[in-house]
Every structure is written in structure tokens, then in C-alpha cells.
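Letters are used for the chains, namely A, B, C, D and E, taken in the order the chains are written, and counting of residues starts over at 1 for each.
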Amino acid sequence: MGWYNKRLAKSLWVFHVSGSPCNNCDIEILDLLTPKYDLERLGIKLVGSIRHADVLLMTGVMNKKIAPRIKKLYEQAPKPIFVVAVGSCPASTITFKKSYNRVEKIEDVIPIDMYIPGCPPKPEAMIEGVAKLIGVLNG
Amino acid sequence: MSKVPVGPFHPLLEEAEYFELTVDGETVIDIDMEIGWMHRGHEYISEMSSFTQSIYLVERICGICSTSHPLACVHAIEDIDNIEIPDRARYIRSLVGELERIHSHLLWLGLAGHFIGYDTVWMWAWKYREPVLQMMELISGNRNHYGMMRVGGVARDVEPEKLPELHKHLDMIEEKMKMIAKIANDDPVLKKRLKGVGVLTQEDARNYCATGPTSRASGVRGDVRKDDPTDAYDLVDFKEIVLSNGDVYDKLVVRVLEIIESVKICRQCIDKLKIVKGSFWNKVEQVGEGEGCGRYEAPRGEVFHYIRSDGTNRPIRHKVRAPSYVNIPTYEASCKGISISDALITLASVDPCYCCTERSMKIKDVHNKEVPDLLTLSRNKTEKIRREIND
Amino acid sequence: MDKLNKFIEDMGDKISHKIDKKRRFYFNVKNEDLRDVVEVLWNEIGCRLSTATGMEMEHGLEILYHFSDDETGQYYCPRLVIEDKKNPACNSIVPIVKGAEWIEREIFDFWGINFIDHPRMERLLALNHPENLDKPLRMEDKK
Amino acid sequence: MIDYILLLVLLPVIVGIVNLFLPVVLQKILNSALFIFLLYPVYLLFYQSQWTFEWMGILIFSVDKLSLMMVVSIQIISLIVYIFLLKSLTRVHEKIFMVYYPLTVAVCNAAVMSVNSWALLIAWGLSGIFLFLVGLMGTQENNSESAKKTMLIVGGSDVLLILGLVLLRFLEYSNGWQLWKIGMPLEGELARVAFVSLLIAAFAKAGVFPFHTWMPDYSKTTLTEGVAFLPAALDKLLGIYLLARLVTSVFVIGIRMNLILMSIGAFTIIAAVMMALIQHNGKKLLGYHAVSQVGYMVLGIGSGSVLAFAGGLFHLLNNVLYKTGLFLSLGSVEKQTGTADLDDMGGLGNKMFLAFLPALIASLSISGIPPFNGFFSKWMIYQGILEFAKDLTAGQQLWALVCLILAVFGSALTLASFLKFLHTIFLGKPREKYKDVKDAPFNQWLATGIISLLCVGTGLFAVKMPLESLIYPAMKEMGMALPVWLGTYSPLLVFGLILLAFIPGMVLFLLIKNIRYDEIYLGGMEAVEKFRISGTGWYNEVRNMRPLKGIYTAAELKIFDLYSWLKNIAKGLGKLLSLLHMGQLQFYNLWIIIGAMVLFWMMK
Amino acid sequence: MILDNLFYLFVFPGFLFVAVLGLLVGWVDRKVSARFQFRVGPPVLQNFNDFFKLLGKQTIIVKDSVKSLFIAAPLLAFGTLCLIATMVGMALFFEQGFHGDLLVLMYLMMVYSVMLVLGGISTGNVYSSIGAGREIKLLLGDELVFILVCLIPIVKSGYAVNLEAMIIAQSDGMFIGSVSGVIGLIAGLLCIQAKMALRPFDIAEAETEIVEGPLMEYSGPLLAFWKLNHHIMYVAYPLVLVVLFFGGFNLQGIGILWAVLKYLLIVVLMIIIKNTNPRLQIDNALKFFWRVLAPLAFIGLILAVLGV
């Protein structure tokens, strides 16, 4: 599978899942695709359908209304699939800690392979995170 | 009748949101909206937070309006006690606010391009948005959540040695913005695609109480910066852009022209910052009892904050009304009878920010009509503990 | 401030508890006068409804409407006090101001205030919520 | 010894009459025996150059190669439809239909074999009457209305047939009532009138514009089996048979007439298929296609080119196959779901796979997707037209090319409307209410299966099977040159190559075979039934386009319907007459006096 | 004979050649597009990586769908496209063909759309259904124009209906050298654009509207085949235009350069159109084809008949 993982590492298709974020991480994720950062040179592409995705980029604290949908989404994705949680919200829930409409533990909803903390993480940090994921795949 | 779901996860929507289009063939007959996917409910958080904390909290209502919300919030707090702010702070506030407007409008322009499949526009707009973020980084130290606002002024000064660099960036932006304005005015393809699409009539704009570029494109004037000038807006010179057709194309043009106005304001602010010296913050010890309305013209329209204070350092009621909250219902008027492709770009045309729509609300202990003095509180607490021990 | 004074004169005893601050004018209205006042604000003065704030106070539930007159920058804030906390209800202003639809739904959602004559009295944010989020901002229901 | 030819007519007649007195079970057995036995004389006919039947010294039936082709088609298609019929009808209809069915076959056999005007006339008229009778057995309440409409148009055209035949006799007195083999140039008014009347008779039978209007209504209201059998198959055969006779052996037509016929054909294709595009009823949609496909045959046969002529005849055979197949598949579905309304169906492909597959193959055939049979005949027609256009003047070239363009475009439109057909019935999201639907019974899918096999077979082995065995001999006998360079396109090769490329892909897929079954993905929403597109609204954009919108609206108001014109004229006349009938004696006296005066004046 | 055919189909000019070239040209498209947008763009072998990655992913099949059709559709489309590529390639490189192959080609080019539609609607997904409807409508639009476009060289070459004869007829002057040829090429280019679902005609697979339409439910190897199909079209379809209007290739000496230039010219034109236009609405696209392009192409045809 080594050979296949290398192919996978060079062609990560990203599906963007927003679980009640403040929008900023999402914007920064899109920013990654634009001229300054251009993740397409690493073979990363944003796709619209979960069926095409290799990576789920999760943002936000995930409120209770959206959690079952995200779970469903994760189940509908073709395996292998990686979940990368972007931002401080999924990592530590920062200011929303006391919210009544937040799921207790995001890991209960979907397993998360990697956290990229930051509010929002700088694009450079996200690229580093992606590079680490690629590094894992490359062995 | 067939129903087409749009959302909660759809490439058109950066955030999760759900629209249900009723279609006949490709024509949208009806639209139904279900929101609440982004609702994080800050009430319980707010019971713990002071005014200062809540400013940072409202910053995280929305990542794109991360200056507008704090700004409206501090306006509301200042409105309670008529707190005055120093001149230098006024210019810094307006500078940051206008920079945010530029970056937000460019962001929308790019996304709108992406939504109609014009990725070139997307990439170009976002390329020219990058210097704005750099300026923000230069001023505040962060690309997105700036943390600049504070009751009585701003949190950080803009050091004089940074001003020339800001100037340089601004020149670049202005040049590119003029180019983009020209493209928006000339490009026949864009015109063909967007003209007459998703028209929001003047009457509907008023009925739905739409604000910002959405209403101004429909010929309903109203710009908080002109109507209720705060900060530096009565000190600088700028125009209010009002167009009349109300279609997506006019919404685009309004935004593009507003960018140019914003650049103008920024330039004036930077120039003034060279001259106006002094403090950037009046220290505010205590906010008194009372209620205050704060408003600010966010990129998407009027942001409205209502804060009720009982004299402690916390709000007992904090109401936030984001512009998208009143702009999104206009879909009911503008999306009916057009094709799916048109309806989807119309959905994007008000530059909806769902995070804002389902914003936080704050409320404090509602039972404290009067604030009990510390001694009573202490006694009560002792009483309570004693009871618990006895149990 | 001609408009404001004329408004105060016209309304007479329909409004009470007037608080006049710089560009902000707060006053109380009764439920039966609400529509008349809103009619005047909306049609004659040409205000825009900014939003309405629901609140729970000791003496009852409050709804504070915020009407903005964009010509002058003046804010008119009628305050409606509902003392019945068990079954709160008041007149809807949607027949006059269409834009109030969501605002009133949201207040219904969070405080359970029933708006009479509202075309679609449903929850807004907690619609189809998996845990049946019920009036999360009402304090006394919680404990 | 009994003449085998007579057997083809007499035997079904006898069986039909005997069936009148038998219970259904015996009817079925008798009919089964009949249709299997009828293949025997056909088999014999194959090896004989010409069979004739004389009665009192007058030549009545004669089978040449063209007739043979038709006879073969009639027997095959009636056998297939009969297999379907074995278990599909309700009791009430079954008993009557088992009587009509052999009689209809007999009449059609007689019509294509007769060489005598009287025989032709009788057989032709009777076939029209059976069409009417079958039409009366409809399933919907307004079926008698559409049956009447059919009777009026088809029967009315029979009058023109009489006129044409009489004129023929008058023009070529030496021939007696003998038909065909005349070769009359199209000169003089009488010849033209004869030609046009015969042409209209053929057109009305086959359903060519503007005499097509009975076809969709008839299809909608009548029993699906009846439609599959009569207007979709036998009437097409008769009509086009007459047309082919007309343009080859009866008259010699010039280039101008060729162009006119081609235009009629092309226009029929487009007009009918455009109407089919927006239909909401499956049977009506197929009815319009039945009209549209005739356009190709008229186009091919009408153009002077031999290749196109062969293509036209081939297309006739193809059309009989796939159109019957489509009607029968729809019939199976209708039996299971109880409706033919497209808005009401959906997602049956999984449940009724055995009805879906023939429908898919027939749909691809009718849309002219290589390597199925529909493509081959269309391809021949197009090439024939290009061949024909080569030697014309610039204006005529353009004229022929426009016909070609319309024909090709028509096939794209056909494809479009059939994808809609497939989508609304078989594909798309399944409906909750058809959860318990079962697949078509054995006899039904056997019938449709045979048809789809024939569709594929005649597509792949086109040159061998129908062309060299049926069509070329017929053309040779009519004295036409044979297209020489046809063998170069091999559908077998195309199919083989696609299959060759398909197999490695399939192997790769099966090797990997990492499959999971899941719900539909709708952006996180539950895939409930309301999220479905029925497909009937797919072509709203086409419908609402400016010039088309007016045309469609007009068509729905039946402005292009000959029948409604006639009806309105008749109504108007009736009104006029009723105006004259005032019920007052003096006025009637006045009318009499005026009438007498006119009479006297004329006699003077 | 059979071995020859196998070689033609699978190696050159069939599957292997077009697949490899297609994936590379797909990279050119992505790279040039990226340069248009001030980006760096993907590495050369990106499309290969994508393809092989997809092969290893899971295939998800919808429970209630017509599964056989869902699986067969991309593979049949793949077979058809290989055949198209072989036919065009045979005419171009070996000057072989059969009579009437242009008409066969015209119809084979519809098969891709048919398979896309059938594969999409077999799942029952609402977006796929919308996308399928759009695909057919677009097909109706471009088919009318494409017939006209094909007729122009047919008429100009004296009613030759085979590709090889078309090339021979152009040996003393390409059709692009005449007015009708230019009109035909312009119309043909836009038709190809629509057939390949490139902007402004990516209406059926509009990602931000209907989530890639018919391709939405596809995943894993089947999706890989759809992507491969799209890349094969990048080779096969422009080559059809090369045959029709540029007189094919002359693969001797400097001719190779010319051949590459002819092909690249069309590809680059396509990429430019793709990057400077927003996606059209389907009704506007139909109007564009039927009201603007069809009359234009018809004028071209009239001119061709008149010999201009």
C-alpha cells in the first residue's frame, strides 16, 4: 500500500464541513486555494460532493443541531477518509465553552485525525498541518 | 412539485444552512429556509463575561465582520453613558472598519465569481484582497480577528512608522480596485450573466427591512455612516452609493463602488493619523446603569447591538442584530420565478453571513432588579453553604 | 427634531415612560396600541424596523422594538411589557411590517411569546432541533 | 391443393370467426396454434420468387419481394405481441380481442398482398374498421371520442384512396383493376390528383403530418396492446408499403416531388418530436414518436436515392420492432402501477428490471445510438440524402441539407424525450407507493425480450439480416440499383470495440471491488421522497422559448389538428343550417322556391 | 488483422495514447488556468495521481439505484470514447476509415452524454436529475449546431462523408482558409466546448450549483473512469476539429511541429474561453446555441454550398 499511499498523499481532495464556526477558518481555508498559497500545487482540490472527498476539513464548535448531519456526512464518505479539525473551536471550544447548544465532545461524533489550532490558524499553519498529513501518508 | 434541498452542506454555502427550493423543471416556485445550524447560543457564556470580554466574544460571531460587531458593541456600551473617545481612536476605528469592508467586499466578489463558475474572478479578487489582510496584520497583528476595539477607544495604536507602508499598500489596492471597477462596468459577459437576475424591488427591500448594499442596490438609501455618524465618519468625505435596479449586477456594482469609497476613507484616515496625536484610549472605569443602542455599517449592512446594563460590569441583556438576519428573508421576494442557477447566485448576492444571522445573544441574571450589596451576597452565600453542609 | 416632537404630540397618551437620549427615544406602549404606533412609525415617519429585542425581567417579559428613521438617524424604541409570564402573547406587527416575521419567530423561539396574527408561528433557530431546545432563554422554566 | 397465399388470409379469418363462440382458454390455444402455424407459409414463400392467387381469372393476391417483407414483418410482430397478450388483458377485453386479433392479421396480410384495386380497397377499409373497433376498447372515458377521430381521418382518407384508384384505372385503362407495375409519369392534373389522393391515404394510415393527429389521442386512450399492435406496427407497415409502391412502381416522380416528400418527412419528424418532448402521458409521448419516426421513412423513401430508400424500408422494420417494444414495456409497467401518467411514476427500474432493460434498448435504438438498429437505418438515410444532394443545384442542395439537418436534430430530440421517458418511469428516485411493485410476468418480458434481441440483432447484423435477405431483393425486383459501398461500416466492429474497451474497465472494477451500499447523499439531508425530480419538467426551457412557446400553446389548442378543423367546419355548417330552420312555413316555402329557381337555372 | 485492431484500439491511437496524452493535456489545462489566475498550478503528473488515487477508493452505490446501469455507464462511455479516439486517430495518422464514419462519429459523440445522463439518473439523486436534464438540454443545443458544423466540410469536400476523404480534400488548402471554414471552426469550437462541459457550458456539472450534477454520487474507480473520459475528450474532440477544418496532420519533418501547433491552437483557445467566461444559465445557453450560433453556422453552410 506504500505506493498507493504516495498517490493519495499527492492528491488529497478536500471537502469542507462547517460545524457552527465563526466563518473565519472557512474563509482562511478558501484562502489556501487562492494565488498567495495555492494548495493546488500540492494536488489539493476542493470538491463539492462528499463522495469525492479524501479529507474532511471540520471547523467550528459543532452545535447540537448540526452534529447528526456531520455524523451522517462522515458515514457517507468513501473510505479512506481523514478528518482534519481546523481552528481552536474544535480543539478547545474557546469562548463557546459554556454554550448550551454545543456537543460535549466532538470526538464522539466523528473521529478526528488531526487538529490545527488557532483562531483562525494562519494559512501557513494549515499548510503545515496538511504537510504533516502528507508526511504520515508517505510513511 | 419537486423539492430541491440546498444545504446544510452545499458548495454554495461556506457555512451550514438549509434552503428548500420548490421547483417546476428548473424554475424556482417557492423557497423555504431553515436556520439554526450555526446557533451557538452565548447566553450562558455571557453570564460569566464582563463588557471587555464580551467585545472579544462578539468578535467571534462572524469572522468576516470581526470589526463590525465589536464596533457596534462598543458603540452600544458608549451610548449608555455617552462615553467620549479620543480623536486618534476615531480614525483608527474607521480605518480598521473600512479595511474590513474592502476585504469583505472583495471576498464576496471572489465568491460570487466562484459561484457563477468564473474562477478567474475569484482568484483575482482574492489576490487583491491579500494586501488588505497584510495591512490588517500590520495594524493589529492578526489576519482576521483583530481585537482592536475597546470601550473608550481602541486596544492598540497604529505606530507612525507603519503609516508609509500602509500608504504603499493602499496605493496598490486603489489601482487594482479601479481596474476591478472598470471590469465590473465593462465586462459584457458578467453583465449578461447577472443583469436582471434576482431582482429585489424597492418596495420589497423596504418591506423586508433590508439593509446595506442589498437595499442600496434596490434604491432604498440608508447608510449608518451617513445617517448616524460615529467615529470618524463625520470627519471624512465619502459618498453613499445607491443604485436602483436591485438585481445581482447592481449589488455587485454597489459593492465595487463602495470599495473605492472605502479606499478613499482609508486614505483620509491614514493622512489624519499622521497629524492627530494623543491618546488612543480614554480609560473607562465603570459603565453605569441604563440601555444603549449601538450601530455600525458593516459590509453587509447595519449591525445593531442593544445593551442593557444594571450598573455592574456586565450586560443583563445584549441583543445583536446582524445585517444578514434581515437580508436573508428577502430571498422570498427575489428568488421566486427564476431558474435554479439564478436563484443560487441570488442566494449568494446578499453576501449572506449565516454565522451572523444565528449570532449570539447575551443575557444576565434576569432577577436582579436591584444589585444586592456585597454584604448581602456574602451572607446569602454563607447561608447556602451552611445549608448544604447540614444536608 | 421636528419629526420626533410631532410624533410625541400625535401619539398623546398612547405612549408613556418616555426616555429621550441623543438620537434614541424609548417609550412604552400598550399591546392594544402597538399596531397604531407601528403604523405611524412605519408609514408616516417612514421608519425601518431594525429589530426587536425580547427580554425577561422581574416584572414580566419585555419586547423592545427598534425603529430607525434613516433620514435623521433617530431611533424610536417602543417597549411592550407582557406581564403574564405563563402564557405570554401580544399582537404581531407582521401585517404591517413584513420584515418582522423572523424577528417575532425568534422571540417565540426563545421566550415563548405567542404573536397573534403571525402567518407562521414556528420556531426559527431551534426548528427541527434534535434535542427539542425549548425556550432556552427563559430562566424560570429552567429551574 | 390450397394456395398458401390464401392460407395467410383465410386461416386467420376462420380462426377469428370460430373464436367468437369459444371460451377464452380455447381461444388462446387456437390463436397460439394459428400464429405459430402461419410462420410455415411465410417460410415457404421465402423460397419462391412469386406466388399468385387468381379467382375467376382475376389476379387478386400476389406476393413479390416487397410484399414478402411486409408479410414476414406482420407475422413476426403479431406473434410477439400475441405472446405478450397471453397474460395481460382483463377478462372483458380478452374475449373480444382474441377475435379481433386474427381478423386484423388476416386483413393486413390481404392488404399487402393484393394487386387488385378492389381487394386492396376492401382489405384497407377493413383494417381501418378494426383500428376503430380496437380503439373503442379503450381504458379511458374519452376513448370513443378518439376512436371516432381516428375513424374520421383514416376512414376519410379511404375515400381518397377510392378516388385515387378510380383515377388510376381511368388513366391507365389497359391495366384494368390491376395495381402496381404502372410507372406513370407525374404529368397532367388527373395524375397529380391521383398521386396526391393516394399519398394522403398512405399518410393518414401511417400518421404523417398533417394527418397524424389521430395517433397521439388514439395511443393515449386505447389499450396499450392494441396500440402496440395496430398503429405502432401494422398501420405503419401498410401506410409505408403503399408509399413505397407509389413512388417506385405506380408513379415516376421528379426531383421537385422528391424534395417535397423529403420536406414533409423532415417536418413530420421535428413537429411530432417537439410535441413528444413536452408530453406528460407515457402513451401519448410514444404516440407522437410513432408519428415522428414515420418522418424518417418518408424522408428516406421520398428522396430519390437508392440508399435512402433502402434505409427507409429498413427504418420501417426497425420502427415496428422498437416501437412495439416500447409500447409493450410501457404496457407491463402500466399493468403493475395502474397508470401511464409520467408524473405519477418513477424509480421502477430497480423493481422492474426486466421491463426496464427492453425499454432501455428500444429507447437507445429509436434515438439512433450506435450500434443498435435505429442508427443503421438513419445512417443509411442520411448518406442517401447527401448522395442525392450532391448533384443538385445550390438552392436544391440547401433544401435537401435542411431536411437532413432537421432529421439529425430530430434524432437528438428523440434521444432527449426518451431519456425523459426512461427517467420518469424507470430511473430517478423510487416512489414509496410502488414499494410492492413486481416485475413483469414471464410472457411479457419474453415478448419484450425477443424484441430487444431483434433490435440488437438487426443492428449488429444489419447487412445480412434484413438488408440482404429482405430489402435488397425487393429493391432488385423493383428494378432499382443496389447501393454498392454499404458494407464498410460494421456495427459489429463498433460494438465489439466498445465492448473490448468496456471489458478491461469492468475487470479492473471487479478486481478492486471495494463496494459499499449507502443512502443518497443530499448535503446531509435525509433522502426522503419529496426530494425527487420527476423529469416531466426537464424541457420547460425549450417549451418557454419565445417562438416555440406560441407554437406549443397553439398546438395545445389543437390549431394544427386537421380533425378539429373539420369538426369546426361541420359545426359551422350545422349552425348555418339550423339558422335556416326557423320553423315557419313561409320560410320553408321560400327555400323551396329559391331551390327550384336555382335548379331551373342550372338545367337551362 | 485482429491483433492490428487491438493495437489500434488499445495502444495507438486508441486507449493508451489518448489516455496518457489526455491526462497530460488535462494538466496543461489546469496549469494554464492556474497561470491565468496567478497561481502555480499542479505538478505534471497530478492527473495520473488523481486517477490512481481514485482507483483505490471505495465505490459507494446507492441502495435503491439501478446498480448495473450505474456501474456500466462510465465504462461504456469510456469504451465509446476510446472508439472515437481510435476512429479519429486512424484517419489522422493512418489515413484509414470507412464510408460515412463522420456520421457515425457524430452519433458516437452523443453516447457520452447519454451515458452521463443514464449513470446520473440511475441513482435517484435530485441534483443528478437536474444535472441530467441540463446535460440533455445542452446536448439539444449543441447538436443542432454541430450538425451544421459537420456539414460545412462535407459540402466543401464535395459530399465526402468520411474523415479520410476530408483530409484528402484539404490537401490543396485547408477549409479554414475560407470564410465558411472560419465560421464553421468558431461554431465548432463552441460546440466542442459544450460537449466537453467546459466553461461557459459546464452547466450540467456545475459544482457550486448542483454539486457536479450526474457525477455527484460517483466515487472510487467509477469516478476515476469519468475523469479519464473527460481527459480523453481533451484529445479526441479537438482532433475532430483538426480533421474537419485543418486538414489533418502531415507527419513528416516540419509537419510534426505544425500538427502539434494545430492541436495546441484549439486546446489553448478552449482554455482561454474556459477561463474568461462565467457559467451560463441553461436557458441562455440554449438560446445562445439556437438563436446565435445556429444561424451563424447556417450562414456558413450557405456560403459553403455557394463555394465561398
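One rule holds in what follows: contacts are C-beta pairs under 8 Å (C-beta built on N, C-alpha and C of every residue); 3 or more make two chains touch, one makes a residue touch a chain.
Quick caveat: nothing in here was measured; it's all calculated off a predicted structure.
Taken together, chain D and chain E share the touching chains A, B.
Touching chain C and chain E at once are the following chains: A, B. Centrality by Cα centroid goes to chain E. For chain A, the chain with the farthest CA centroid is D. Spacing of chain A relative to chain C, judged by their CA centroids, is 41 angstrom.
Chain B has its Cα centroid 26 Å from the Cα centroid of chain A. Between chain A and chain D the centroid-to-centroid distance comes to 59 Å (mean Cα coordinates, whole Å). Between chain B and chain E, the centres computed from C-alpha atoms are 46 Å apart.
In chain C, the residues that touch at least two other chains are 126, 128-129, 136. Counting partner chains per residue, chain B has residues 2-5, 8-11, 16, 25-26, 36, 39, 41, 43, 122-123, 127, 339 touching two or more of them.
Residues of chain E in contact with two or more other chains: 37-39, 56-60, 126-127, 130, 133, 207-208, 211, 216-217, 220, 282-283. The complete set of chain-chain contacts reads A-B, A-C, A-D, A-E, B-C, B-D, B-E, D-E. Interface of chain E with chain D (complex): residues 5-6, 9-10, 14-15, 55-67, 69, 71-72, 74-76, 78-80, 82-83, 86, 98-101, 103-104, 106-108, 110-111, 114, 117-118, 121-127, 129-130, 132-133, 136-137, 139-140, 143-144, 147-148, 151, 154-155, 158-159, 161, 211, 216-217, 220-222, 225, 282-283, 286-287, 290, 301-302, 305-306. Those residues of chain A lying in contact with chain E across their complex are 4, 7-8, 10-11, 34-35, 38, 40-41, 43, 47-49, 51-52, 54, 76, 78-80.
Residues 516, 518-519, 521, 524-525 of chain D are the ones that touch chain A when the two sit in their complex.
Taken together, the chain A residues at the contact with chain C in this complex read 64-65, 67-68, 100-101. The touching residues of chain C, when paired with chain A in their complex, are 126, 128-131, 133, 136.
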